[in-house]
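Each of the next two complexes has chain A plus one more chain, namely chain B in the first and chain C in the second.
Up next, the complex of A and B:
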């Protein structure tokens, strides 16, 4: 079974190259591809076919992972457009955004120290709301305005929120253990 | 070969043959083997009709190995040489065992994985497990009347790479061809889901003899997608026995028990636990070696009180898995209970309360994993069945690398769908640095010291450059068995180092090879015989196909070409008549080579004849 490794993630799932996503369509396309290429389908075949199946399924999983996550999808779209999101290098952020980040961080540290899991969960909820706002902004910025620089800034902001959410998750886990 | 098949649409494909494949549930307490026969999965019993094989192996001084019920009968009289619950030691070192003092065994601390000292010599947990697997293999072959082409072996979903690798090695040692390592809760989900036509989000709560797993799956149109998994690979029914044992010791005012008495009381504890699943109280009686008589009454309330923390310990992993899947209890359509330990009413009650719904207990918690494994083995072996399904599983624990300062950097996060691969770039931190040590770890903790060390290897020969100039790309590949292979490559020079992760747990490849030779002299003969048989089938297939093609389209070749092909066929047939698998393969390859041009011309001819109904992808 031929697998075209040269396709980009969107083409692989036959989806339009844009931020707004038909989640159900992505999931269905993902399943259809896995049904074709998963190593379980090649278990009775020769070693070369097994290897190929592993590589193809790995690729399908990677593409799904990237497209499923709004941050991953935005970053990938910008990458396809040749734009560096400068997540590691560009730390200049609007002052109000940074202030808000600091306030949240302090809140995480405090509730963590107090061992308050439900407060942490509530905070995670708030962040998810913020994240959704940024995602809406990204859809407008990338799909409508075609503003790459603006998109890169939103990606960096989302990255901040993702890290913070991760920290909250880790804190909750430590408290649950 | 594919080329020969397109030209003759009238040719019938080779007759379908049912291949013998089994699913094996290699459990802490009991093991089972199951297969699919005439469309339905069934556990294969032993000659006395018993489905469960106790996972107990006895080693005698004369080298005799006893497995199962007969070994179990010896555990009180000869506890040191009777290995029970060996699964707890797979891929583990002595320092990993929380309760090594409470077992009667004498451990030898080998690097990575411990060994057990017996009268028959030191035994690795891999060897002990192989003895159990060998017994199941024999049972299956006797019952099915033929050689197995392969087996699906189940492992706890929460097993790390070292434990999985150890399990796969045990199967290899037992002469089994491993079609797939399958996570136990996923196997259970297959058996349950296919039987009930289930769709939606399901949780599998699997509390076995020594391991606890929880998996959250999305079932949709024949796809079983694991969204998240969590657990505790050192928590199970054994721990409940241990609590009762401690209670007996305390109640009877005992101290310093010998191995014999310990084993006897642990057996009584297990019996009491089982009785309490059906009754409100039970009597525990035993006569110790010194003559002391134990006679105690244990009621359900006390039992539940002394084991309450164990039950609670299973709820945190459930929470974690839900968090990772980004789901709440309200999203869950059903909770499937698996593992003998879920027979305990207070376990069922705790799970029911957490999910606010009645757990599904309508399947045999002992058998369901083996049945699911059998169904998957049947599918992987290529046997057709009415249902078509696909399993998408995940890795349970993050994989990472040690970075400066003893910190673990995650490369593949837990709950990534497998197979998966991830590359990460690293650089040198000293001017002129020519080597780089790579330390692969598994776990969620920040410090390397708190994670499990999987392997260490070194990338040498990096050209001397300024600090930070070299770019070393480390690639992790996790296959469908959940096993990791790591490779590293310096980007500017292409210098490469790669390993299949394995040596850290103590059994080096050479050691496996030695064990294979030692204990499996006949198995290697089996393997050679199989290899020869396969080579013959493949060679004969090609020879026949070529002859048919010559009959049909011989006109496409000139006389010399025709003769060359005919000679290659004859040479292959001569090799098939002999017993040299390598020679058969060589000549098969030679015939393949000799017919490349012929195949090409046949394809052109076929296309010209207008046979366009064929899929182009079938040509490649």
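Up next, the complex of A and C:
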């Protein structure tokens, strides 16, 4: 039983360190490692190796969760580059972005109060489109321009959208209940 | 998590909700947002010729603590000079509202919002 805990998440799955992702490649590498360190397989091993296999399996799962999410992947790439995304501390976003966020939140509150599920679903669709645009911008920013500050701003924007999408999802769930 | 009575009071009876005309020369507008929780806050001040904040309005989308923090700070800045308003610290807001550690960022948002509003007003009146 051997596992190199010093590998970063990309190296663990033998993937290039970049935002653009070979999703199939990640999933295949993940499955291979899952099998390798599966508890059933480790059951016959000595206690020390059992523990090691469990730690390795946990690490593989964590790495997979981080890399498969665009937000997690971007944040991790920036972290590897020593850049703090400042999601907890930086409150100064571009004004037009914040105006749009406020308008969308107003819309959610109004459509929710009106019980208009289809309007909420339409808004969710709009946000998915926006999210996709931000992900494309992230690929350009991180992989091509190597612009860390720009990448960190895009991560913060994506975080806003993720939160809003959750809220819309919750509102739809409540209305459909 | 339980909110303090002061947070609930501001949340249920928020002071100074609304907005001023953005283009008005006597108005400074600050917009800030907290990525981690998705809160968005707009805070506006109306400043007299003598540089005193006569009135303040806010509009906040966020949790109870974010709404209470912005409501409280609009009350506090009224009658203050721009410099006095700039001196308000988030820790004072957090203390007044008895915010728990996980909600401290809401008070930081309010402090950043008033600073942005003052900066906007000053930018309008430079040269």
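Heads up, the rule we're going with is that the second predicted complex is superposed on the first by the 169 of 177 C-alpha atoms of A that agree within 3 Å, B and C clash if a C-alpha of one lies under 4 Å from a C-alpha of the other, contacts with A are read in each partner's own complex, and residues count from 1 in each chain.
In this text, a residue touches a chain if its C-beta (ideal position, glycine included) is under 8 Å from a C-beta of that chain, and two chains touch if they have at least 3 such contacts.
Worth saying up front: this structure is predicted, and the values here are computed from it rather than measured.
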Touching partner for A:143 - first (chain B), second (chain C), both, neither: neither
First (chain B), second (chain C), both or neither touched by A:49: neither
Which superposed partner A:39 touches (first chain B, second chain C, both, neither): first
Touching partner for A:116 - first (chain B), second (chain C), both, neither: neither
Which of chain B and chain C A:62 touches, first, second, both or neither: first
First, second, both or neither for A:156, with chain B first and chain C second: second
Touching partner for A:130 - first (chain B), second (chain C), both, neither: neither
Common ground on chain A, meaning residues reached by chain C in one complex and by chain B in the other: none
In the complex, chain A residues that touch chain C: 86-93, 95, 97-99, 101-102, 105-106, 109, 155-157, 159-160, 163-164, 167
Touching residues (chain side chain A, partner chain B) in the complex: 1-2, 31, 34-35, 38-41, 43-44, 54, 57-58, 61-62, 64-65, 169, 172-173, 176-177
In the complex with chain A, residue positions of chain B that touch it: 19, 179-180, 220-221, 223, 225, 316, 319-320, 323, 376, 379-382, 390-392, 416-421, 444, 477, 479-480, 617, 620
Residues of chain C touching chain A in the complex: 31-38, 40, 42, 59, 61, 105, 108-109, 112-113, 116
